[in-house]
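Structure record follows, encoded as structure tokens.
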Amino acid sequence: MTVTDRPETLPSAEADTNGPAGATSFDWRYVWYQLRRSPLAIVGLVIIILVLATMIFAPVLAPYDPNAINLLNRLAAPSFEHWFGTDQVGRDLLSRVIYGARTSVTVGFAIVGISMGFGVVIGAFSGLAGGRIDTVIMRFMDVLLSFPSFVMAMALAAALGPDLINAMLAIAVVRIPFYVRLARGQALSLRERPYVKAAVTFGSSRLHIVRRHIMPNSLAPIIVQGTLDIGVAILTASALSFIGLGAQQPTAEWGAMVSNGRDFLLDQWWYPTFPGLAILITAVGFNLFGDGLRDIFDPRLRAK
Amino acid sequence: MSAVVEVRDLSLEFPTYRGPVHALSNVTLSVGAGEIVGLVGESGCGKSVTSMSVIRLLPPASNRITEGTIRLIGRDMLATGERELQDMRGKLVSMVFQEPMNALNPTIRIGRQITQVIHRHERVSRAEAEARAERLLAEMQVPDAKRVMKNYPFELSGGMRQRVLLAMAFSCNPKVLIADEPTTALDVTVQAQVLTLLREKAKERGTSVLFITHDLAVVAQLCDRVYVMYAGKIVEQGRTADVLRRPLHPYTQALLRSLPELGQPKQPLASIAGTVPDLIHPPGGCLFRPRCAFAHDRCVEVPPLLSGGGEEVQHAAACWLLADGHRDSADTGRSDLPSNEATTLPAKPAKQTLLTLEGIGMRFPVGANWRGRPRGYVHALNGVELEVQRGETLGIVGESGCGKSTLGQIVMGLLRPTDGRVLFDGTDLGNLPGSEMRRMRRRFQIVFQDPQASLNPRMTAWRVITEPLAVAGGRTTSWLKGKARELALQVGLRPDQLERYPHEFSGGQRQRIAIARALALEPELLVLDEPTSALDVSVQAQILNLLLRLQRELDLTYLFISHNVSVIRHVADRVAVMYLGQVVELGPTAEVLNHPGHPYTRALLASVPSLDQSAELAAPVRGVELPSAIRLPTGCFFRERCPFAAAGCDQPQPLRGAEADRHLVRCHRTGELPPA
Amino acid sequence: MSFLNIIRRRLVLLIFVVFGVSVVTFVISHMIPGDPARMMAGERASDETVAQMREALGLDRPLHIQYLTYVGDLLQGDFGVSIRTQRPVMDDILRFFPATIELAVAALLFAIVLGIPLGVLSAVAKDRGIDHLTRTLSVTGISTPAFWLGLLLIYLFYGQLGILPGSGRLAGNMSPPPFVTGFYTVDSLIAGDWAALRSALAHLILPALTLGFIHLGVVTRQIRSAMLEVLQEDYIRTAKASGLSRARIVLDHGLRNALIPSVTMIGLAFGDLLYGAVLTETVFAWPGMGNYVVESIAALDFPAIMGFTVVASTAYVLLNLLVDLTYMFLDPQIREIG
């Protein structure tokens, strides 16, 4: 036991800042300044914008109907007509990759949305409730976190039946505990802030504290985690599709396309290559941007 | 005297997203052989940047030196390569920093951290290095040096770690030691010991010291000469005695006058209006001009360092007042006090108890076994009995770990005491139903130490101030905004700035916002938990003045918690001295602080550095470590460290006094002690 | 917290996890579309045969009895009989387990040996060219679909260059070395069978590279961020002010402290190797547990899928225990008090 365990701290001489120069995480000018200095984060942002644009304007961008079968032009090599070639039933791979963005990215957002939504609510509730309720919920989450998540998602998806929606739900469910832990940690640390304590002293209700103090201030780290997770979710969903537990024919989905193209790898390399590249680029986009955001919002990494 | 450190005309910028910060402009200073030189100033004045530049420790990408030279022991530091710099650091010049808690590597044993430095600079055998490290530790008064060599930093207290860091700094007999606020994070009794040690060892070895601090009293106790910095410039320099006795620069004068130890208790302190200039867009000419009471036409030009004249050698200040024709006004500045604050003491209201603490005890569980049960308890409070009278200020003073902040949180109902009762105006707060408690809470409010952390960064100032009213409900936005303006005026904030966010305000302004919020519900009692400890002294003076004025105007009762004896002396009517979760002495402020009855109070008072250089800095306690609050000592808690301990001290001591309720002391030997 | 406490806590957690997994797998087995009895008996079996099968499987008994029987069987290592292979699931898993571990260890070694220096380099050169390069590499690793990378490598090294085999653990005409560890590389070394060793290594390279590349990203990123955090600690400043050399500051003071939090992350990543292993093994027809479970999924072989889930989860928890212990061993504050 040393003095470090005592609940009080001595004031630091550096606490008072020098007028209004101190930037906080809510100074958007500061965020933009940091982003501009981080070329990789910008690359990520550009990729995300391009992918989202591809998603939205798929009908305009795609040269062909992604499901139009042309048995006369099967497994064609990339050419001016078919930039990414065609698949074994003559569908245009470029169009399928473009439409695949709709499936894969939507699934990615949906997974993060569901797991974040449930996780944050449960986590914030647990953290604020404290005591026995908190202990029970967190022990339960510990158990869930001890499951290997992909294996559980696989088992769940297998049980629900091979289908993209089922795969999505399975992945979302196993990711809930991560957000529970994150949100609870936020709630616990914010609960100790003097401004929350002050709010308690003038008789604020729990609801007021959550709405006014906890929520707005815990948003940033949760959004950062969410951005990073979209990449993970897209990868996981495509992996489930690859092993046959996700999207089924004829849905244009990147993981399933790689899986279908696998049999033609040695002679028609382009078939599995382009859809896989699409997964890679999209995941890179979300990871780069998420990393950039984390560097900005994580005060521990901010230069002193 | 040949200078070992010579900084000439140093200017330095930090690039930021808002443009370059002109952190240092034309700083010139020198430290002679064997001299101890202070570099003093408020936060952000550039004193740390200066010291780090001397040994080129600032990360090269983060700053740009635009002009000037730095010479260290005759070497041009700006032209020296990184390899050579490494050879110099730790060998010719070493440095100790403010935060001893993190300044040692947590995963390396103390012994190896010291011997590593020795091996780096000298070819000695392992055994020799270890022997020297042990000798150094012993020299720095580390008890049981042999054992400490094998310890990890987490096993040592903050004061002990700072001794280890001093041992490291002295390990290769450097010519220069740069100490950057080395005692700021320490308690006063520990600070007194470390300062005494530092001065002794430096003089013994003939080491020159550049000592960076915000505390003028520390300078008075330690330094031969002093430089005063303001906004990246040296504004005054001279022998410590000269500068403190006859400050030349209006800033130095104002800084000294804002110290509570120099003011009359309960009377307004002279404070410096305004805030430190934005160094991204500094005002031209003298940087102190916007805040200076004596500013005149000539101040738009940058003032040179001008001698104060007389026989005070080297005493000079960067102020045009010292130029011919203005010298007189510089001297008259001293006795000037602001006139807008009333100076009469309020009439004491009839005695009426507002707050009663009955036998308050508080335990915190520590550690957990595998079933989650605590392995022990920190006994933060051990039977605290206090009464606060309506209209008075009860000061609570003590060092870290004494339980004073815990006590404040218990009064506020933020913590539920393990034992005892809190009575507010005769009502027991412990068993009030929720709605009653909510109504009761309006009558007492709290102001925290760190104004930055106590304001929600996502709420505008007016929303922060009126949050208590909004919570109560039923008010329109325009009514709330009107109320916010009223409160803002009351605490000296500009109402037109209320749409801003907290980070757009300075520290002092933020504390004003926090005070306005605490006043919104028109409470009777304010718990002030170190309200000025995070602030610079000039800002502290403003806040203390504000609090004293508000108390008079609004008839408030204060429970004022502070580690700072001078602040307590200034504001409190009565004072309670706490040690290890107990009140060891209680009585009228002047009575307790001028005639301390408890040996701990005496030690505490003797450790506070004084501006008066003739006062001896001492810490009359035995041993260096505060006892564990997990396994409390038996009998008198201070017994093991008390120089007057005798038979009978192993029995629990009650608070006793000659006249009931006037001056109480928890020591059975009070009458037998030699006069303090 | 002491070692013993951690072990006790983890073991209690393990009980809950196994219990949880058993519930989940039990529920899942009852959720599956179709009738397991009919599946067992075969499509064309008569209703009578199916009823007999149902009785034989205990499916006619109340649910909680079925569950208790199920748990009892699990505890005895009886995971039922695989529909696809018609062998006890436990036997199958034991047969495929070493191959997965061999692959995972090889991948992890690759990731750590390369990832730690890269992470350190990246942190030290923060925001410079080498940092951008390393970060791009690590983000690419994290973002690469393992199955796709595997296919690319097969196309390149097997299809185009023809210098490495594209599937299996050993050349088709060779017999595995005598069983000692179950790792073909180690076992052939022990047996002194150099031809088998070469073949085993050649077969290991591409799958290990595939799996390792993804974790290289994880390790590099973790080490980088831990190093960045540590390098701005006050004790680093103390070390600099003492004139210690840059190498000593980065490696002794920096990396030593950065490794402690990283152990947890890298340990967890090893657990996630299971995930990558499933995909990698599928692509390379690597006869491990991942390949086994994917084939079982295709055949809707639920006893096999659930058996795999139980074993994988248990292994995961035990691994976490090991990680915690390593962490505690590295952190003197825990070690000394322990």
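Here the chain labels run A, B and C in written order, and each chain numbers its own residues starting at 1.
Just so it is clear, a residue touches a chain if its C-beta (ideal position, glycine included) is under 8 Å from a C-beta of that chain, and two chains touch if they have at least 3 such contacts.
As the structure is a prediction and not an experimental result, all values here were calculated from the model.
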Task: Label of the chain whose CA centroid is most distant from the centroid of subunit B - done: C
TODO: Write down the chain pair with more C-beta contact pairs when B-C is set against A-C.
DONE: A-C
- [ ] Could you grab the centroid distance between subunit A and subunit B? Build each centroid from C-alpha atoms only and quote it in angstrom.
- [x] 45
Open item on the list: Roughly how far is subunit B from subunit C, centre to centre by C-alpha average, rounded to an integer in Å?
Closed with: 53
- [ ] Starting from the mean Cα coordinates of subunit A and subunit C, work out the distance between those two points in Å.
- [x] 22
TODO: Identify all positions of subunit B at which a residue touches two or more other chains, and write them in rising order.
DONE: 154-155
- [ ] Please set out, as single numbers or ranges, the residues of subunit A touching at least two other chains.
- [x] 303
Open item on the list: Can you tell me which positions in subunit B touch subunit A when the two form their complex?
Closed with: 16-18, 21, 42-44, 62, 98, 101, 154-158, 181, 184-187, 214, 275-280, 364, 366, 372, 378, 380, 400-406, 409, 412-414, 437-439, 441-442, 444-446, 448-450, 452-459, 464, 467-468, 471-472, 501, 503-508, 514, 517-518, 520-521, 530, 533-536, 539, 563, 626, 628-630
Task: Footprint of subunit C on subunit B - complex, ascending - done: 55, 57, 82, 85-91, 94-95, 97, 99, 102-108, 116-117, 120-121, 152, 154-155, 165, 168, 367-370
Open item on the list: Per the contact definition, I'd like the list of subunit C residues that touch subunit B in the complex.
Closed with: 1, 4-5, 8-9, 12, 233-235, 237-246, 248, 252-253, 256-257, 260, 330-333, 336
TODO: Note which residues of subunit C are touching subunit A in the complex, please.
DONE: 13-14, 16-17, 20-21, 24-25, 28-29, 31-33, 127, 132, 135-136, 139-140, 142-149, 151-152, 154-155, 159, 221, 225, 228-229, 232, 271-272, 274-275, 278-279, 282-283, 293-294, 297-298, 300, 302, 305-306, 308-309, 312-313, 316-317, 320
Task: Residues on subunit A engaged by subunit B in the complex (per definition of touch) - done: 1-27, 29-30, 33-34, 135, 193-195, 197-205, 208, 212-213, 216-217, 303
